[in-house]
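Letters A, B, C and D mark the chains as written, and numbering starts fresh at 1 in each.
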Amino acid sequence: MASGTPLPRPLRGIIPPLVTPLSDRHPEGTRLDAAGLERLVEHVLAGGVQGLFILGTTGEGPSLSYRLRCELIDRVCEQVAGRVPVLVGVSDTSLVESVNLAEHAADAGAQAVVLAPPYYYPVGQDELLGYVEHIAAELPLPVFLYNLPSHTKLSFAPDTLRRVIEIPNVVGLKDSSGDMIYFHEVQRLAEQRADWSLLVGPEELLAEAVLLGAHGGVSGGANLCPRLYVELYQAASRGDLTRVRELHARVMQIRQTIYSVAGHGAAGAPPQVVAGLKAALRCLGICDDFMAEPFHRLRDAERRLIENHLAELNLVGLWGLPASRLV
Amino acid sequence: MASGTPLPRPLRGIIPPLVTPLSDRHPEGTRLDAAGLERLVEHVLAGGVQGLFILGTTGEGPSLSYRLRCELIDRVCEQVAGRVPVLVGVSDTSLVESVNLAEHAADAGAQAVVLAPPYYYPVGQDELLGYVEHIAAELPLPVFLYNLPSHTKLSFAPDTLRRVIEIPNVVGLKDSSGDMIYFHEVQRLAEQRADWSLLVGPEELLAEAVLLGAHGGVSGGANLCPRLYVELYQAASRGDLTRVRELHARVMQIRQTIYSVAGHGAAGAPPQVVAGLKAALRCLGICDDFMAEPFHRLRDAERRLIENHLAELNLVGLWGLPASRLV
Amino acid sequence: MASGTPLPRPLRGIIPPLVTPLSDRHPEGTRLDAAGLERLVEHVLAGGVQGLFILGTTGEGPSLSYRLRCELIDRVCEQVAGRVPVLVGVSDTSLVESVNLAEHAADAGAQAVVLAPPYYYPVGQDELLGYVEHIAAELPLPVFLYNLPSHTKLSFAPDTLRRVIEIPNVVGLKDSSGDMIYFHEVQRLAEQRADWSLLVGPEELLAEAVLLGAHGGVSGGANLCPRLYVELYQAASRGDLTRVRELHARVMQIRQTIYSVAGHGAAGAPPQVVAGLKAALRCLGICDDFMAEPFHRLRDAERRLIENHLAELNLVGLWGLPASRLV
Amino acid sequence: MASGTPLPRPLRGIIPPLVTPLSDRHPEGTRLDAAGLERLVEHVLAGGVQGLFILGTTGEGPSLSYRLRCELIDRVCEQVAGRVPVLVGVSDTSLVESVNLAEHAADAGAQAVVLAPPYYYPVGQDELLGYVEHIAAELPLPVFLYNLPSHTKLSFAPDTLRRVIEIPNVVGLKDSSGDMIYFHEVQRLAEQRADWSLLVGPEELLAEAVLLGAHGGVSGGANLCPRLYVELYQAASRGDLTRVRELHARVMQIRQTIYSVAGHGAAGAPPQVVAGLKAALRCLGICDDFMAEPFHRLRDAERRLIENHLAELNLVGLWGLPASRLV
C-alpha cells in the first residue's frame, strides 16, 4: 500500500498498537532505538497483522517529544512501505498540535489518524461533538475515534456517536473502555455505516467482541506474539468456539504473567502492560526496554521473571518467536 | 524586577492565573489578542497583585499551540518588565516539552515555572516522586508544584511531598484540589522550609486558607477584579475577620453569578469560570472573549446576563474597574 | 425440590432476579401485591428458568422493610415449593441482620443466600476477607457472593477471591460489575472448585459470558420474557453462534426500549430497569408497578411508550407472553 | 432538657458523634458495653458539648443490629436526661425502617433525628427531593440532613437544598463532604431560615467553618477530648484568631497521630478514626474498643502507639482527661 492507497473500509483484523522502542544510551537524552524499531515492525508484520497503530497509549505517544513523534512516523511509514495501513495517534490537548501532527503523518504516507478527546479539561458531550466536527474538517486523513475514559475522563456517549457517525471522514472507533455493554450499544449504532470499523482495545475482550460482530482488535500483546491474536481473531470470525476458548485462555495467561510483573500500578493498566511487553521484547532480542518518563523499565529481577514466564508459556516454541536473546 | 531578579521566598499575596486573550478574527486561525493582553496585564497589575501566573488552567495553557504559548510568554515578560514575578505553566504529558517551554520562559525573563504531574497515564506516587526529582534537576527556574487532581487524576500525596520539599529548587505548591484537610496537612509539612510558599487555588477558599496560614492565592477572579482579592488577602493576613467575611461573601457572589452563566458544565469548573471571566472582561472593554477549542465564548444572551451581574454586583463602582465597553 | 433438597452444584442456567410486586393501595402503606407475585412466579417458572433470586438489587431488597422481606421469602418459598432453588438476598450493612434474614430464609425452605459486601463504609480487602470468613461460618445456607461495585463501592479483588473460594459453603459468585476482564480472571480462579458457579449479572453480557464458559446469568429481563434468556443461555451453551447473535440483538433491543423510558437516571441503571420491567409487567396484567421509595412508577405517558415498545418488539407474539392487560 | 423540651434553633456548638462502646465478651455475640457507655456520656458532657449525636457514621450505626440501636437510644436518652439534646441517626436504605427508628427515638425522648439519603441505589436529585419531602412528613422529630457523599454516593445539590430548606421540620444540615466551597454555598442558602443550623462534619475544618459563620461542628475527636473542640468552637465564635490557630494545630496533630495508626484504610477515613478513638478511650479506661463487623479493634502493638501518642500530645495533662487506664 503506497501513500495514497485507500484504507480498507471497514478495516478488519488485528492492528497492534506498536510500542515505541526507546534508548537512553545517547548522551543528549532519549532517542528512538532505530534498529529495534525495524526489527519490531518486521516481527509484527510477519505475524499477519492487518495494520499498525503508532503513537497510541501503548506507544507512549503523549510522553514523547514532538520531534521524536515525527521521527517515529517517518521511520515506520518508510519501513512499512504500504504493506499494511499505518494509523497514527494524534490525540492532544491542543487542537492545533493534533492537526500539525496529522499533517506530518499525511505527508509521511500514513493512511489514517486516531483521535481521543482532549484530555486535560472536563469536557461535556456538546463540546466533544463540536470538537470532533471541527477537527474532522481540518484533518487530512480518515479518523478513527479513540474511546479511553480511564485516561481522558470522558466517554463518547451513544447520543454523541449517533451524530459523529455521520461525518464522512470519521471511519471508525477504537473502544478501550473495557465496557462491553457500551461496546454492544455502539455496534448497533455503527450498523448504519457499512464502511465503519469498530475495534476493541483490551485484548482480553477480543474473543467476545469478534464473536459478536466487531471488526477487529488493537491488541497490545500482538507486539510480542502477533500470530496468537491474529489466529484468535480468525477463529472468532469463523465461529470456531473451541479454538477461541483455547486462544482466549492464552491471552488471559499473558495478562496474568507478562502484564503483572511491574511492582507498582494496577495489573493490566497501560504502564504495567508496556513495561512487561518491552521487557519481553528485550528478552527476545527485538528491542530495548527503556520507557519514557514518568515510567521505568523493569528491574533485573523483574525481567528474569518475564524470562521465566516466556519459557513457561512456551511462546517461542508455539508461536515461532525469535529465540535469540540480548539479556 | 528585571530578568534574573530573584523571586521573593516565600512568595506571598495574590498571583492571578491570567486568562489568555485570544482572537478568531485572523484568517489563519486563533491568534493572541495582543492589545487586549496589554490592557489585561495593566488592569491586573494596577490592582496590586504580587505576581502573574500564565499558561495555567485558567489560561487555557494545555489548549494552546506551542507557538502561541511561546509568544504569550514573550509578550507578558516584556510588558511586565520585572514589576512583579512572572510564573509560567509548563505542565505537559512529555517531560521534554515541559523542559523546552521552561527554557523558553527562562530566556524570556520569567521568574519561575509551575508544574502539574503528567496528566495522561495513571501515575503512581513512586513514579511521581521520581518524575519531580528528575525534571527539577533539568528546569532552569524555580518550580511551584501544581496540585489539581480533578484534571490530572493524581494528587501529590503527603508522603511524596515530604520528600519533594527537600528539593532545593522546588519552592512551593499551588493546591487547587479544593480539599482543605489536605491543604492543612501540607501546611504542616511545609513548615520545615521557611522559603516555601503554599498558595491556594480556588478563590472561594482564599479567606480560610490565609486566615489559617497560607501565603496567598492564585485567584481567577483577580483577572476581573484584582483589588477585591488583594484586599481579602490583606484583611485575612491582618486578622480582620469582619472585613474578611464581607469580602468572602463578595467572592461567593461572583461564583454564583459570573461563573454560573455558561449553559453547560458544572458551576465553578474551569471552562465555566474562564467563559464567565472572558465575557466580563469583554463587557469592560479589556479583551476579546474567544476561547480555545473545545470551548466556546458565551452566546449573546449569556453575555447580557454577565452584564447584568456586573451591574448588580457594582464591581465597576466599588472596585474601580473601567466602565467603557466594547460590547 | 423440597426444603432440604440440595442445591445443584454448580448451579447453571437463568436465575431471574425477581422484581418485588408492590402495592400502594393499602391505607397503612406499602404492601406486597400478593396476587401479582403469584402470577409473576408462575410466569417466570413457565419460561424454563433454573432458579429464582429474590431480594436482590432488581428486587428492591434494600428498600423494603424487614417485615416485608420476610413475608416475600415465605410466599415465594411456599409457592415455588421446591420446583427450582430459591436464592435469597441477605446483603446488609449489619452482619447480624444478614444472619437473621438468612435464618428466616432457611426456615422458609430457601436453598441459598446471596451476599454483597457491607455497603456503607469504605471497606478494605483484608476486612472484606475477614467479613466473608466470619459470616460464612454463621450462615445456615450455601452462599453466593454478589459483586456490584457500582452500589457497594467495593469489588472482590481476585486475590481475595482466591482465598474465599476455599470456604466450603461459598458456592459461587454473581458478578454484576459489568467488567468482563474481571469476569474472565474470576473464571480462571473458579476452575479449582468444580462445584462453584460463576453467574453474570448484566443480561447484555450473558451471550459472551456463557460462550466463554460462565454457568449462567441472573438476567433481570427474565422477569418479563424468561424464555428469551433461557434460549439465549441454551444457544450459547451449545455454541450456536447464529442463534446467539440473533437473541443477543433482542436483549440489546430490550435495553434500548424498555429500560430507557424512565425520565431520569442513567439508561440501564437498576432503578431505570426496574421501573421499565414493572411497567411492562403491568401492561401484561401480571403485577402492579408500584416502586419502593425513593423511586416511582413510570407516569402514564411513559407507560404508553412501554406498551408501544412491547408491541414493536412483538414480545407477546414471539415469546408467548400473556396478552391480557390491566392498564 | 426533658423529653418534649424543644431543640434550640439554631442548634450551636459542638455535638460529638458518639462512638458506640461495644463488647465481645458475651457468648451470644456483640453487646453494648453499658458501663463504658455511661462513662463515655459523662466524659463528653463534662467537656461542655451542646448535644450528642448517636448512631452516626462514627457511631457505627449502619453496622449495628436494630435491637442494639434501640437499646443504645434508650440508654443514652435515659442517662442524658435532658441535659443536652440527643440527635439520633436514622439513615437507612429503607424508608420504613428509618421511620420505625425515629419513632423509637421520639418515644425514648430524643430531640431530633439525622438523615442521610438512602445509600444503596444510585439516586437522582429529583428522587432525593421527593424522598426528603415524603419522609419529613412522617418523621415525629425535627430532622437534620446528613451530607456524606463518600458513603452515600450522593450529595444534596444546592438546587435541591434550596427547596428542602422550606420544609418546616428540616432544621439543619450536617455537611461531612469535606468540600468547603459547597459548604459556603449552603451557608448562603441557609441564610433565609434563621432557625436553620449548618454544622460541619470533619473536625479539621471546624476552625474555618466557624470563623466564616457555621453554627458548630460534629467533631469525632470530641469523644476523646471534648474540651479541645468546645474551646476551638468558642475561640472561632469570638474571632480569637491566635487561639484558633493554636487549637486547630492540635486538631491536626490528633489526625496525624490517633487517626493514623490503623494499618489499613485511608488516614482520616471513618473506620480508621473510630479505631483510633476507641483505642484511646480504652487507654483512658473509659470504654471497650471492640468494633462491629467488618472492622476490628487495633492490635496490641498499635494500641501501644496510641498510648505513646496520648502521652506526647499530653491530652491528659492539658485537657483534664482521666489518667486511669484499663490497658
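Simple rule for what comes next: a residue touches a chain if its C-beta (ideal position, glycine included) is under 8 Å from a C-beta of that chain, and two chains touch if they have at least 3 such contacts.
Since the structure is predicted, the reported quantities are computational estimates derived from the model, not experimental observations.
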Maximum centroid distance from chain B, chain identifier (CA atoms): C
Distance between chain centroids, defined by C-alpha means - chain B, chain C (Å): 51
Where chain A and chain C are represented by their mean Cα positions, the distance between them in whole Å: 37
Residues within chain C bordering two or more other chains: none
Interchain contacts (touch definition) - all pairs: A-B, A-C, B-D, C-D
Contact footprint of chain D on chain C as seen in their complex: 29-30, 57, 62-66, 68, 93-97, 100, 117-124, 126-128, 130-131, 134-135, 150-151, 153, 264-266, 269-271, 292-296
In the complex with chain A, residue positions of chain C that touch it: 178-181, 184-185, 188, 202, 204-205, 207-208, 211-213, 239, 241, 244-245, 248-249, 252, 255-256, 268
